[in-house]
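Letters A, B, C, D and E mark the chains as written, and numbering starts fresh at 1 in each.
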């Protein structure tokens, strides 16, 4: 009966659907296919390049190959980078949001100040911060205005690294991480369902951890030689700039969340005897879990496609601050290694997908049940 | 278990004063209901008592202790909010336990108290549910539970039933009444539902624009309203207000409106030929058998506009001269529009108001 | 101006059937009210009639024309939504003119029709305002105006008054009634407010879980409910349901509940010693003078639990044996809890239900 | 309870002011550096005010970046327009004309928002080339429109979700069809939605770099690429890159400061907060 | 051959910006004078040694939007990349028309051509193995430019103690640049050449030794290298924060043009340690990509580049020497004169870092090897890795 309109509706959406199908899904598939070929080298630049199926060799090379070291460091950088950005931006944003939630005078001005970096381009941010973090100027000489010695830290060119590990032991480390995840999961659910927590999480977690510790040496080595990677201190500058840019974003998210919590709840908690700190700890933050989740998702997503900022801050060739997103560009367009570039892109994509897909599925379920 | 006194309370938000010199003295165990139109300051007064809002001037005393500067949690009051303000991420148990936890009570003690409260409110089966999984009435009970678990000396309620449907509201109203009879905690209750106000209150406080209009028992405010506002505000369908003139002659007193003159006993406050407003409650209009009880002169002919049957009563809108009047009649009246009907006005309950000051003439 | 017929209507959303074989025949000029608890399918049925929802099976006929496949705008029905659904960016005039504009009527004709409708509804001064600048009652009237301007043959209302406050609701209810009396358009009206249902309806349709429970005039459904659900659903405070046993002996009929036995006239449908549910409406319980009209054997002693004064009547909850019973009594009863009171049950209005099938026993 | 100068309020304002200063530091540095003569710029004096104000950096930077700024405006405005209009139509269908599977389609759309764009870079590049769109602004516009669809559809969908269904149904009963409802009811009501979405898209597109550098030839480079060129090679006369940064940031900063409210709405809407 | 009738556009793609810009601009001015109707688009992509430009160029070429003419290092960088991919036009006809077969040194023409054609027009010759310093500073510290790396190691610790960086280094590509000078010193010119023919393996003892020496040199470089541009490293020398810097002779252009220092007095130079008598060269050149939108304009441009007039307008500003044998030395500064003389008499070898000896694939992979080495300092591994990439890229055997 309302069919004609329904058809019109569908037809309206159709062009967009086709565009998304091709430009998102088709392209991802295409990139995946490319990552399985040997498209690279001189032949890659021909008008009609020859591409042969090469299986997973590109991936193998990236993870265990001789020349993949740079990529591996980039990958490690990306992980540390995401973690630090998440902690930094969410922490700072949250603190500012709580401060502003107290409705200080001039709240709007403060809000504007904390949020304006968000509107800037990464290229602008990168340019500005490169200057801020210049070794003998900017941030480093700020302490002198307080009568202190200038800082000596080389923000963008330090070669120091902490939390180093040997890539050879990748498998062992993976098992440790699995064990840690299981144990933490177990501890978190032990209140609700002790037996299940024990059986499903804690015991397997401990077992995996022990096994990795005892028999770790027996595991196959991921690499033929020692190769240490760690948290490169040179990325600190980039992380700082990103936090500067994005903490306003988390602040806005949390502030909106806080404002969305009805005053009654706050009043109720006051009457119940909660202090302000307890209100945030027990009421506001747990209620804003969905906001925290979206902030995590979006910030991780941003940290994964970090390209512009690093490009503008430390240039394309600074190995210490490399990132797979940048590496992909250089591998593809400077080293002509299209297939390997595609493989890096797919790896990035898979990392993104591991947390985006569950998130989208759960939000889909929510929408459907609503 | 506590007296609450408001002495000359004012509340200003910025430059606008929303509560003006409110005075109120609430006795031990009393159930006080604040009513008034939206925005008249009911919630504000409640929140000042709870300590959630600062007091601009005046003094609040609980049990003879000045509490102006006392923190909410130390005032020994508990509040139930209109939307219940349940913590959505906590189970019913955790909601009820929260204040006890904040007070650093032991685990066992908390469990005991919560279990007891849950038992009283028949919430035991739901202790592990989240509020979202409860019906409106159940949520309301959880909010109550959260209040009683602390055994406070004053209960504050801000329109606690307004989110419920009619049948449930009637039911919860009676529950509340029973609860108060049992626990006898001093209670201050805000509502804009008249039936709630009339049925629950020991005394009703009627507010308008931040000013107390009248304080009295339900019967007092219904039968002897201090001013026109109270008269119109209390009672549904609302009182009929007719422009009238009073006559004090040697023949006795009389009042005339709608072109008719009725002999009545006038209060001392009015003089001959005064313009007044005559308030006649819809339930003061009678028909049929009930007419017998009224003097002949109080009977009139009404031209039916529309009639409605409401339960065992009927609402009838009729015209009398120019004026349109609503009557609430006993029994089911099926009257066709346009039909003329014999009705009687029980002018014993006649209320008179000064058209300028709007004060009751007594 | 139109009959509406629902023949074996079913509605499925996905696999869940929310309306089951609904049959209903609505006569010309009739004012039909659909009531039932939330989620019972009232809106769905209304929307199927309007054509906003497809019909899974069955047939809807308007004026003997099958309209299952007819577009909403061609069904000649107009609908008023709970939230009025006024177009916020259009003035009152434009709101009312929209459907006429869509029907490609001429400018003058549109102006004429809108002006006429505005006149009826006393909206003329507001024609150029946006809905946001109107009060609740005015918006409600605009929504009405938008419906009547098309002079449709059927009006559909989905809880049109539920957004208004109590006093305004009472007033608009009477306006609606007057309007129907004037225009006599066939009307189907959804509400969950019983008073609205009882006062407005020519006939009430009671729904539960997508099934029609009973169709009848307000008095019929109140006095002769077909089943336990209808009996409980209609009436506020709700009917008292007591477990009882009937006795048919040569001495005459009797019923016993709460440890007491009362002589009554039983319907033919029950046999000696049958377990039944006895429904006694709160307003069938009397006191004081009214007791005189009842036989001696129907008098009982009730132990007061709580009493409430509601307007000119009182609600009294009392215990009788184990059972807790609510009575609606004339006048203002001030009874202290625990006190014993002489009451009478008017068992002429006794309703009996089969405890298993829950159908009325007649 | 008290609003007097308690230690708590001092701490509150103190930390806010310190934080605000920290957030403003980079702008301060940028501004003073851009106003210095190249000779006055030295690292140890980077925080000091210019001894002599030099406005010429801006003129010079503008001269260098002018073509890029023009490109960026063309690109940003047309891509923003197209993607908001499409997004509005999509949002309309997604929220008001759900069909079986439309939620899945919507979820699939959303996914497009979260992919790292590197993963589509090579095929995008090849496709544009095959379509003869590589190198110029039209290709870049197409890319921004397509990959802007998820976010614009999302914002509009959530925006339209607030418009009650009954409004649509009412219009339907009044005789309006799919497009009439859109044109006469939905569209006039979506002005705020358009503002929010287009501001969001404007900033996103204005700030984008990866495609700018990969998909355009020199004459079509957007401002971000121009700035990267300006700032990338020489580290000598920092006044130029700083002036360039200010020029590149100005349009979005203005939008942000003047219409910040809407910008924040977009930002929140983009966070798929359910 | 003045062609004032040409019109349309000419897009010139290069990485010459900033201090190198004026040299290019001089050429463009000349071109515009001759062809007033042609709109010249000067498409520069900044980033030393073309680090960024190469990537952008690649997207352009792959995207089927080649610039009209682009800067490329003469040698394997062009041949092993674009010629092999068949994306360039043979310019033999132009060389013949313009009589360049004789104007350019024969050896150079060989390097820019293959059996099948000549692929680009060289505009300059740069020397890669130059050690820069400020004479006044050296006097102050009482040292002389080192003749060999051993000399360097003798003085470096002293300078370092004085708080001066012995050898200034900049971002990663300059490490490659330094490496080739060090390796040349370690290997000698014959072995150097042998590396690129595959006769000598990178992981041979000699190859590894070169890495070891390089590792030692690195110990005397500045820590913040990776955040500096090459100009900033040069600044360190100029400002006296560093003693030496190994950089190509475009540094001479930078110091004389931008820093306004007089060659010989303001700054001094020497062959990088251990490479006296050897001239490691590189040349910038421009080619004609197939499918260039304005082919005629390009031909006029290329003709200008190869001409004496063009060459002598460009090179004095750029700080390089002309590729032509007949250039007018009076226009050149003292540095260029000396370089020109050396070019005539020294042993010529090709530069790795600037694309003469190896194709782009190798150079890119070599950057990874360099990163690895900078981090680990493991000469053995670096040698092995270098050999592996040489094999992969068709250089080693």
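Convention: contacts are C-beta pairs under 8 Å (C-beta built on N, C-alpha and C of every residue); 3 or more make two chains touch, one makes a residue touch a chain.
The structure displayed is predicted, hence computed values, not measured ones.
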Most centrally placed chain - per-chain CA mean versus overall CA mean: D
Highest-count interface - the chain pair sharing the most C-beta contacts: A-D
Computed distance of Cα centres, subunit B from subunit A, in Å: 57
Centre-to-centre distance between subunit D and subunit A (centres being mean Cα positions), rounded to whole Å: 20
Mean-CA-position distance for subunit E and subunit B (Å): 92
Residues of subunit B engaged with two or more neighbouring chains: 51, 71
Contacts with two or more other chains, residues of subunit A listed in rising order: 2, 135, 315, 329, 333
Multi-chain contact sites of subunit D, meaning residues that touch two or more partners: 172, 214, 232
Complex contact set, residues of subunit A against subunit B: 262, 264-265, 267-274, 278, 282-283, 286-287, 289
Interfacial residue positions of subunit D with respect to subunit A in the complex: 12-13, 15-16, 19-20, 23-27, 29-30, 33, 42-47, 86, 89-90, 92-94, 97, 99, 102-112, 114-124, 127, 146-147, 149-150, 153, 172, 177-179, 203, 206-210, 214, 224, 227-228, 231-232, 238, 241-242, 244-245, 248-249, 252-253, 255-257, 260, 263-264, 267-268, 270-274
Complex contact set, residues of subunit A against subunit D: 2, 4-6, 8-10, 12-13, 15-17, 19-20, 23-28, 30-31, 34, 96, 99-100, 102, 104, 110-124, 127-132, 134-138, 141-142, 145, 244, 248-249, 252-253, 256, 290-291, 294-295, 297-298, 301, 304-305, 307-308, 311-312, 315, 324-325, 328-329, 332-333, 338, 341-342, 344-346, 348-349, 352, 356-357, 360-361, 363-364, 366-368
Residue numbers on subunit D that touch subunit E, as the complex places them: 125, 128-129, 134-135, 213-215, 217-219, 229-230, 232-236
Residue ranges of subunit C in contact with subunit D within the complex: 47, 50-52, 72-73, 77-79, 81-83, 85, 87-89, 98-99, 102-103, 146
